[in-house]
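What follows is a set of structures to go through.
In the two assemblies presented below, chain A is common to both, partnered first by chain B and then by chain C.
Up next, the complex of A and B:
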């Protein structure tokens, strides 16, 4: 198989992962206008919860493939507990305040969550790698890939499609779109704004946790895994345009393919590819590929 | 002196140069009286305080830099490389080299980040510092990887520093550097550039209409902040005697932002005092609650954001001024 195809396949697999970890960030920013630095912590929370559920599942000697269905449960758990708790308890007090204070609030939240996880799960690494090998290996033109990689692509595609349908086709999704365009008029028209905010934030949190849960079998889960994720997710989302779902998909695809090209052609650059892509895009379009110009206040 | 520290006002009439000289003299003498552990903590606090001052200067224009660790580590590693690769031992040479490295790095990165505001600025600075962290970890043949590298005791003006007096001497060097930095910052705050930064926070577009170059003001302040953080990194490297990539990690930059939040945005005393106090508290807290320290910091941050949005120090100073006639 030619290097080009290998780069393509690797790129799509990596892009799927990037999309999963970053789509929640762009959703929350798009509706709440808050950049959630604690997004990485929610990801880590999802990874720890997923690993804990997996370990419990395998202890009971059940059907092994069922473990893959346990992972969305972890995301749901994080979404319905941490989501409302954070939005109602903390973020709702920050709406309309200085953007910097909002940023610092989520940063403080991030610090708190990092230690909460250390206190709950300890500092020694968690391994929940069994699901990774369950799907066997797929040979594609002579190159062997773990089947799990393609599961990741499937989950990312499914998540993206479901999210698109939710926002564009469901009644609640249209309310969300109305709130994005003009929160004040939406309230005047009878939209329950706090409800839209809490549901959106919880959904974003669940998406971050979903990314973490499906990453859990691929890595050693240690404190601090959330930090790199927030930086990478921000880069991906910025490339596509903050607050745009299509932008997150486009950004993930571009970053994923460029990184896999770097891995195969220029390995020394691999570490910087994400930032190089981000810097390059921002130089040409300061607010990302699919975002409109911002209105500046006078 | 009080006004210099609280409000950053460096006019000789108000500061009283004699008082300033006496203050510096007293601070220098303290290094030979205080116990070793305390001079270590104070030196560390002051070194970080320099980086904090850079964050403060940027925040006056409404910009949060989550990446000053980049320059703190840059200054420290400049010392490390100079000692390891070139064999430079002279402290003044190290300091000059470290600051030059920081300024150069800041001048390069600043070209990109000076275009951005609010969250973009914050996240881009964070991304740049994480890039340096990655480089320092990966290039272990030169940097020692995650183990970092030791910093040998330097010479001062050609004279060797005796190991048993090293703590006091590094402390005195730090006091000297901080005094110099405070003077530079005070001049900056009194300059049109310093005033422009406050105007940018109030209304950026109006500043442009009035003929001010917003990008140039932010760029220059960013480079100054980089130089300050690099100087802090150099002093921190001398003090600890060892450097590692964690200096560029987000936790280091996050500490700077946190201390800025405690101190508020006015004056030069608050960032320095805040940083020293922070180091003191941290050295105890680490002993008793190593896994809950960040949580304490996070909760303290939320309390400050909700109760003292202008910073604890400034709020208290205001209250005192209002009550006393």
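Up next, the complex of A and C:
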């Protein structure tokens, strides 16, 4: 298999993971206008919850492939518990406040959640890697890929399509779009703004947790895994354009393929690729690839 | 006697008195009075208690400190460490988090020494933290024992009086790995490396690569990969390694990164087409158990963990640690044991006259000391007696042992300290590039 094909496959697989971990961040920013630093903690919560459910599942000697269906349940659990709790308990007090204050609030939340996870799950690593080998291997020209990587691509594509349909085709999605464009007019037209906010934040939290849950079988789950994720997710959504779902997909694809190319062709540059892409895009399009310029209101 | 004679005698007498006082002052200053025996020895243990390095390194090291302090204070440790605490004085432990970066650790060290008034500091896993605190410890004249960090720069690029390191530096891991690999497969001709992109990963790879080239001229590097620390996803790197088909893959990955690499690499056959060498792989054995594949070359940064010798001190350490924490100690715990037992040995050697020793006496006793540890005897042989040398050991993962719930290590080879450490006065890079002069290997 040619190097170009390997770069393509690796790039798409990494892009799928990037999209899963970053789409919730851009959704929350698009609607709530809050850059959620605690997104990394929600990802870690998803990973811990997913691992706990997987370990419980395998203890009962059930059909192994069924374990893959347990992971969305972990995302749902995090979404419906942590989401409303954080949005109603904390973030609703921050709307319209200074951006620095919002940033500091979500950063404080990130630190609190890190300690909460240590209290609940302790500091020892959790392993739930059994599903990673369940889907067999695919050999492409001598390079073996796990079937799980292609499952990730499928989950990312499905998530993206479902999210697009939700925003563009459902009634609630249209309300969300209205709020994105003008919250004040939306309220005047009778849109229940707090409801839109709490549902959107919970959905964003569930998406972060979904990314964490499907990553759980690939890694050792230890305290601090959310730190790196927030940096990478932020870079992806900045490239695509903060608040744009299509932008998150495009940003993930570009960053994924460029990083993959760097690993294969120029490994010494790998560390900088994400930031090089980000800097390059910001130089040419300061609002990212697919975000429109913000209209200044008088 | 005339008046002039009296004057001469008075002046001569006064001169002699001044001379006697002048001579007497330095003599008195040179002899420090022995300090009174304290009520406790206050030791600060600095390890990662938060962040990604806490679970694999910081917490096992802290746990080792905790259980050892309890055992030593209760006088339950075996010979030669049977005396209560340190020389009969109980140890009081102060645990400090190493997370936060080198600047924070420098500030913390000042606080521990000046405000907390600890008697000594045992700490630091990160090489960056060791490099930052060493000169500050000198400035504060604070007895500081580095227990785990791997950089060889500490005593090769500077000399220290108040700083000691009771673990070997990373050269022994890399040189030991190269010697082991070529002994196991003398035909190995191509190598690749996947190491974390910071000082530890880059230095480890450079010394392994250069050792391989010196030991077998003509060895070719087919891939050098440096993923970011805590990257998590290694799909592209594993593809590169599989496509390059090297005979040997070297990795100094640790903690969650190491586990992620093995979890993601195993189903893809990483380590099957060539030899996968994991210099810190011992930490995987109790964690992954049966799921760790056979045939991986595993090290433990010295003769620790599964590679530790079967001696009474090791059996005791493993037993008290496992009873307390439900898992056997891994190499950072062994490094912590080395540091604490080294300090105890140095203090008790300095106090052998019966009086509580001064700091200078402890330093003099610590320099060039050889002391017993669960990993065997440790010599403070380098850096003017401030830097320990350790032997190296590697083995291959073999059949699963239901008794220990770990894969047994087979084809274990131990390399003596003289085989894998540079001689005193020679820098590691020079030692490797000159073809390991004065190395004595079995």
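We take it that the second predicted complex is superposed on the first by the 291 of 298 C-alpha atoms of A that agree within 3 Å, B and C clash if a C-alpha of one lies under 4 Å from a C-alpha of the other, contacts with A are read in each partner's own complex, and residues count from 1 in each chain.
We take it that a residue touches a chain if its C-beta (ideal position, glycine included) is under 8 Å from a C-beta of that chain, and two chains touch if they have at least 3 such contacts.
Remember, predicted model here, so these are calculated numbers, not experimental data.
Trainee: Looking at the overlay on chain A, is there a clash between chain B and chain C, or do the two fit?
Mentor: Here the two partners, once superposed via chain A, clash with each other.
Trainee: If we overlay the two complexes on their shared chain A, which of chain B and chain C does A:228 touch? Say first, second, both or neither.
Mentor: both
Trainee: Quick one: is A:93 in contact with chain B, with chain C, with both, or with neither? Answer first, second, both or neither.
Mentor: first
Trainee: Could you look at A:39 and tell me whether it touches chain B, chain C, both or neither (first, second, both, neither)?
Mentor: After superposing on A, A:39 lies clear of both chain B and chain C.
Trainee: For A:129, decide between first (touching chain B), second (touching chain C), both and neither.
Mentor: In the superposed model, A:129 contacts chain C only, not chain B.
Trainee: Per the contact definition in the header, classify A:104: touching chain B only (first), chain C only (second), both, or neither.
Mentor: After superposing on A, A:104 lies in contact with chain B but is clear of chain C.
Trainee: In the superposed model, only one of 113-121, 167-175 or 185-193 in chain C has C-alpha atoms clashing with chain B. Which one?
Mentor: Residues of chain C that run into chain B: 113-121.
Trainee: Once the two structures are fitted together, what part of chain A is touched by chain B and by chain C alike?
Mentor: Residues common to the chain A contacts of chain C and of chain B are 114, 118, 123, 227-228, 271, listed in rising order.
Trainee: Over in the complex, which chain A residues touch chain B? Could you list them?
Mentor: 35, 90, 93, 98-101, 103-105, 107-112, 114-116, 118-119, 123, 227-228, 231, 234-235, 238, 271-272, 275, 278-279, 282-283, 286, 296-298
Trainee: Which residues of chain B touch chain A in the complex?
Mentor: 59, 62, 64, 66, 112, 115-116, 118-120, 122-123, 126-128, 130-131, 134-135, 138, 203-206, 250, 254, 257, 261, 291-295, 297-299, 301-302, 305-306, 309
Trainee: Give the list of chain A residues in touch with chain C in this complex.
Mentor: So the residues of chain A in touch with chain C come to 1, 3, 6, 9-11, 13-14, 17, 114, 118, 123-125, 127, 129, 132-133, 137, 142-146, 148-149, 215, 217-220, 222-225, 227-229, 259-260, 263-264, 267-268, 270-271.
Trainee: Which residues of chain C touch chain A in their complex?
Mentor: 50-52, 54-56, 59, 197, 223-228, 230-233, 235-237, 239-240, 242-243, 255-256, 259-260, 263-264, 266-269, 287-288, 291, 327
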